[in-house]
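These notes concern the structure reproduced below.
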Amino acid sequence: MKIKTLTSAIVLSGATLIALPSLAADTIKVGVLHSLSGTMAISETTLKDTVLMMVDEQNKKGGLLGKKVEAVVVDPASNWPLFAEKGRELLTKDKVDVIFGSWTSVSRKSVLPVLEELNGLMFYPVQYEGEESSKNVFYTGAAPNQQAIPAVDYLMNDLGVERFVLAGTDYVYPRTTNKILEAYLKAKGVAAKDIMINYTPFGHSDWQSIVSDINKFGSEGMKTAVVSTINGDANVPFYKELGNQGISSEDIPVVAFSVGEEELSGLDTKPLVGHLAAWNYFQSVETPENEAFIKAWHAYTKNSDRVTNDPMEATYIGFKMWANAVTKAGTTDVDAVEQAMIGQTTPNLTGGVAVMNKNHHLSKPVLIGEIQDNGQFEVVWETDGVVAGDAWSDFLPGSKDLISDWTAPIKCGNYNTKTKSCSGQNY
Amino acid sequence: MSTLDSTRELFRRDQVWPFLAPAQAEVNVGNQMILYVEDLNLSFDGFKALNNLNLYINDGELRCLIGANGAGKTTLMDVITGKTQCDSGTVFFGQNHNLLNKDEAEIAQLGIGRKFQKPTVFEEQTVFDNLELSLKTDKRVLPTLFSRLTPTQIDRIDEVLKTIGLAKHRFMLAGALSHGQKQWLEIGMLLVAEPRLLLIDEPVAGMTAQETERTAELLTSLAGERTVIVVEHDMEFVRSIARTVTVLHQGSVLAEGTMDQIQSNKDVIEVYLGEEAAAGEQA
Amino acid sequence: MDPLLVELGEAKMKDVEPILVRIEAASDDSVLPLFRTLLEGNLYYIEAEGQVVGQSDVNGETVYKDVFTQQTRTDLQKGDVDKIRVNNKLRGYLRNAMARIQLTAKSPSVRENAVRELLSKLDDDTVEVLEGLYPNETNKKVKEAMGLALAMNTASQTGLAPSNRIAAIEKMSTSLESDVRNLLTRLTRDDSAAVVSAANAALEKIAQRVNRFAFVDQLFFGLSLGSVLLLASIGLAITFGVMGVINMAHGEMIMLGAYTTYVVQLIMPNYIDYSIWVAIPAAFLVSGLMGVLIERLVICRLHGRPLETLLATFGISLILQQLVRTIFSPLNRQVSTPSWMSGSWEINPVLSLTLNRLYILAFALLVFIVLVIVLKKTSLGLNVRAVSQNRNMAKAMGVKTNWVDAMTFGLGSGIAGIAGVALSQLTNVGPNLGQSYIIDSFMVVVFGGVGNLLGTLVAAFTLGIATKFLEPTTGAVLAAILVLVFIILFIQKRPKGLFPQKGRAAE
Amino acid sequence: MKRLTAWFSEGRSTGKHTLPFVVILLSVTILASAANLLLPADSVFYVSTYTITLLGKYLCYAMLALAVDIIWGYCGILSLGHGAFFALGGYAMGMYLMRQIGDRGVYGNPLLPDFMVFLDWKELPWFWLGMDQFWFAMLMAVLVPGLLAFVFGWLAFRSRVTGVYLSIMTQALTYALLLAFFRNEMGFGGNNGLTDFKEILGFSLQADSTRVALFLITAILLAVVFVVSQKILSSRLGKVVLAIRDSESRSRFIGYRTDRYKVWLFVYSAVIAGIAGALYVPQVGIINPGEFSPINSIEMVIWVAVGGRGTLIGAVIGALLVNYAKTRFTAIMPDAWLFALGAMFVLVTLYLPKGLMGLYGQLKAKRNSVMNKESQA
């Protein structure tokens, strides 16, 4: 008896796991791999909604290649190994043609081997540390040279900052960004004693000592600024502490790379007015494209208070480019779409045109905004034209000889220009 | 034990170094004495549970301890069996085993068995297993892992099962036994371990008159070969088994002697029997 | 004046500063309201009239007022005006300009602040003004500040005789202003050896005092962290310590309190300053009722199985988290700080205590005292203690143990809710709020000794202070790890915590 | 009669599930593997590699649940830190796999893993030495968790830290390790952990055959661990362990040094968890500090609670069932699965205190009670 129950239980579960091959390919499937629960749900649910909105719009325009576009949503629950598992599920079970997903670097790193093994295609919409270029991933967020370096230039040239506090959460994005910035600042003649580097754990909530240290560092007679790569949740207590210790943006401005409209919506912004952020997009930029996008977003979410932000624009550009590339290639086959993607252009929401480069990164404009008391940013500076995303930083000793070029004849994500060799490829 | 004490221990000339002495050395009962309790003091939050207590037990004796609640009977047993640390004093098992620097398990392995006031048996295991666990065997981890029951051991368990009248219930879970049966099982666990010294706390609580009688028989039969210390409130029971009775009061020995001597002792009448009578009236 | 305002209204941001210089030069202190409104970002330009106007929010409605006369302009609509934008550079300029104007203000404290503001920007004009004002200044404090500014000017004049400069340096050595220290640091590289040694001596003298205050500062940080830990763990000390329930949903009770604050502020957006006073009882009720509900539905069925309450309450915590995620979205919610809680209490230039932390410290102690009184002096407290010591006996004595359990759990949860109100002022209000405090709370209670409120108090402050004194040398992460390892080792040494329950009852 | 008694007291009731379990486990594993490797992809009976990997992961969790059950279900020690041992085993395997990448990393550094290159490290930290040898890494996978369990257990059990205190301390242990492994200075890859593995013992990790082999090995090891644990727990040592759970002080008074037994069992359990971790990493392809998070460790306890603690088969069933449910729920109702999961935990603790196996036992007991009475008479 018990053997029977046991067998049937196991066979049953096994049977349900075995995916029935999808019957007909009359839809084009778009996988959405964003956490809907756990710590990253805060940021990622918005992107899920963005993809769903884009799918909706595409279908209203008649779909793609004459087929309907269908979104398949899964929840990797902010659990990094689950990103690999769910990625595999999307690719083998649901047989999606493209995935939009991931936020944290570790989730991308987790799903990457699966994408390369099964030759999937993913669009990654978040600013990141660079040092990567996979055949199967398109990076529509900013690389360090599209965010960090212009921001520091602005601080030095326009605000006359001479001392820098590089404050970040202890993970790979801040570490790499700060490494790059440190090398860059030193190359610009900033002395080592004028750079203070500080790392805190995820969700750090007690900023008293660190803010007070920053205050001391900043009151030694030279204009000081904080370059913040502090992640998500830790920002609110950080800014609150800044406000309470009376550090205003004129004394010590903070320029952040991970604080956007979404993060500010959970924050009383009055004490933050004047602090800065560097992005490729701000909701406040007034262009017809942006206005239409915001309107569509409000209509889709049925909530006119919802804000838009940079990763949403990155998702928007990624989706548009993918749709165009599929149309151009006439198929959703990954290799064909990958080649069709290179050179694709899509108007930015902030004006100008984004171009997909040979290294799978975008050329985009860089904007610097000051936080306003309504939770929006006021653009105070922007690059003259677009900046091409750099997969491999020139300021890191390990990667200065590396380039990425996915067109013939190189066709390599990390090609060493000195040794003329290609390493670390999984396909 | 402080470093100073252990160093001093090293220089004692009347014994081999402690770390050289075999752990399971035979109990030395040279002076016919098996338990030496001297100058024992213990206080809980200012309350003196034991107060300069001195007690000597002869090998093979059956001794009854009586005393009012809070007189220190159970606390004394706790100290002897290593459950409670005392503040000062010495407790020796035979002449060669200082009990105060041993933990409960070591003391049990030396051959001191204990039965609690409230019967504690392993409720989730069978009567047989309870007894098997209590067997006198090598109780280190690996020997236990690879041990098997020998026929002699099974015989021994069967014998004890008969003695305690649980032969029919050998595969019953101990938790399903009645209160009295649990008492018997606990006594059985003591017997099967073949201890030198048994400390028995209120053995007849919850037993019928018949069972009480049987317990009395059992305990008297044990004495001689083994040493038995019984704590009991039931004066009838004490009278039926006791040869020597020790009366504790406020943590020290008030009187010692035969039951008759005790009953005629003025101090005892005043502090113990008087209270008992008063308590009886109240109830 | 008016043509300048037109220029101001129509200029691009990078051209604004020269216009402001001209405005400052062309006017007296009547320009202050203009600068202040501009600094706050509330200055708007009416293109049709070539006039500027200030915008403010009164009870949620936008009101326009003339900057200079403060007369309300009801005829203006949002579309009629354009905001005059400022950036950090302009804000810096405005602040200095206002300080220069305010040197002659009526209120002595304004004058003093103005002088201190200008210490870092001592140009010749400013010094000249100060020299003119100094002899006639009557207020002692202002005069002192002005004297300091003049001394700084003297000390930095390389052309003057070293003896004069040294005298000035000595005068500076009593000040804790960071500008003074910066100047002295520069002077240690001076050509004159005497000046260098005087500057070094002064710096050392200042450093001693600064270090003393730095110690006080650190102590305050520690106390403040301790007060947060105390608030977070004190509810647990009751549910876990007194009832023996391992409430993994304790963090979610804190979270509910924080969300209650958010909802209260949502309901009364115009009375943020008073919202806290409504939020405290509201949060107590919300979390307390939720606690009673959990106790009645789940925990009361798990008596005597403490480890299983852990599993069940963990399930509850998942449900509650997902519940707020569904109701309030997974995004963090904005909770405003009442104005009376913002800012800091500046004791001197190197020591200032942030007000919100100060209030929370006081609040934590108050909650603690009230709780102790409730447990010691009220009949509920008596019942709670009776049940926790001997449940059956209490039952036999006619104590309604079910009711007492529900009330105890409700009390513990309610206090967690209050902690949520306090935490909403410091950190994110989001679904993960509770998670970040649950482990710390357990550490505090276990370290202090289960069932002992005083132990919880001592443990919270000990851990808070220890963390803050470790942090500067080890960094935040290592400090947290070291504290955890310390607790693990400490519990090996004293398995029942700092203040164990003694005697036979504890067995 | 005597021999009967001896037999009874040795191979008693708890062992009755062992044989069927092993048979079912291995046959399902072998069938699934064969279906994956031999059948064409469009066959109805084809088992996708996704399913194989998923099943492999479940089996690792089952082994981990076994470890938790041994210590909690049998000895009454509720460890909320078993994730730490699991993760340490995983990290040992991860370090080996990292070294196996060799110069195929993105920076092409033959010695240093990529994350060390971009953190600008010049040489391999000492604790990475030797990790390129498979046998050494595997030794570490059991030794490190075992040693940590020994030190922690020795300290805690000797000082008689028990019950709730112990649970909280184990939680503190894993939390401290979580924070430590998050630090990039530690040299374990910080938040990103170790990933982008290529080969194990020269076999490509992306090949189906390697995945199937790993799956088979996991199943076999699970069976071995199951049988060995069963044997241990039905020996007299197992009875002592149960005795400690029921009344630790009584066990001491009959002469067992319970602290040593507990340390021994704790180490055994930690080693199993370490093995499970080492098997887990090559199959999911990443190990990072998230595995240390206290929530994970609580979840493990819940698998065991759902399946039924105190029975090994219960732990395995619980782990398989809860994880399967999780996989299904996250796919079917991503927004609401936490409700379902949370409700499941509450309901199981309230209504199934002995888990599913307890329920099964109750039903069976009801049916058999009449028969039992007859046979007893």
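All chains are identified by letter, namely A, B, C and D, in their written order; residue positions are counted from 1 within each chain.
Everything that follows uses one rule, which is that a contact is a pair of C-beta atoms (placed from the backbone, for glycine too) under 8 Å apart; a residue touches a chain by one contact, two chains touch by 3 or more.
Note that the structure is a prediction, hence the values are computed from the model and not measured.
In the absence of subunit C, grouping the other chains by touching gives one piece. More inter-chain C-beta contacts link the pair A-D than the other of B-D and A-D. Chain centre most remote from that of subunit B: A (centre = mean of CA atoms).
Put simply, the chain closest to the centre of the protein, by Cα centroids, is D. If you average the Cα atoms of subunit A and of subunit B, the two centres end up 73 Å apart. Inter-chain centre distance (subunit B to subunit D, centres taken as mean C-alpha positions): 43 Å.
If you average the CA atoms of subunit A and of subunit D, the two centres end up 35 Å from each other. Here the CA centre of subunit A is 32 Å from the CA centre of subunit C. Shared interface positions of subunit C, defined as residues touching 2 or more other chains, are 322, 325, 477, 480.
Of all residues in subunit B, none touches two or more other chains. Residue positions of subunit D touching 2 or more other chains: 179, 182-183, 335, 338.
Looking at the complex, you find that subunit B touches subunit D at residues 81, 83, 103-106, 108-109, 113-114, 116, 120-125, 128-129, 132-134, 139-141, 144-149, 151, 154-155, 171, 189, 193.
Residues of subunit D that touch subunit C in their complex: 78, 152, 155-156, 158-165, 167-169, 171-173, 175-176, 179-180, 182-183, 294-295, 298, 301-302, 305, 335-336, 338-339, 341-346, 348-350, 353. Interface residues of subunit C facing subunit D in the complex, by the touch rule stated above, are 240, 244, 246, 248, 298, 301-302, 305-308, 310-312, 314-319, 321-323, 325-326, 435, 439, 442-443, 446, 450, 477-478, 480-481, 484-485, 487-489, 491-493, 495-496. By the touch criterion stated above, subunit D contacts subunit B in their complex at residues 2, 5-6, 8-10, 232, 235-237, 239-240, 242-243, 245-247, 249-258, 260-261, 264. Touching subunit A in their complex are the following residues of subunit C: 13, 41, 85, 87-89, 91-92, 95, 120, 178-179, 181-183, 185-186, 217-218, 221, 224-225, 228, 322, 325, 329-337, 342-344, 346, 352, 354-357, 425-432, 436, 467-468, 471-472, 475-477, 480.
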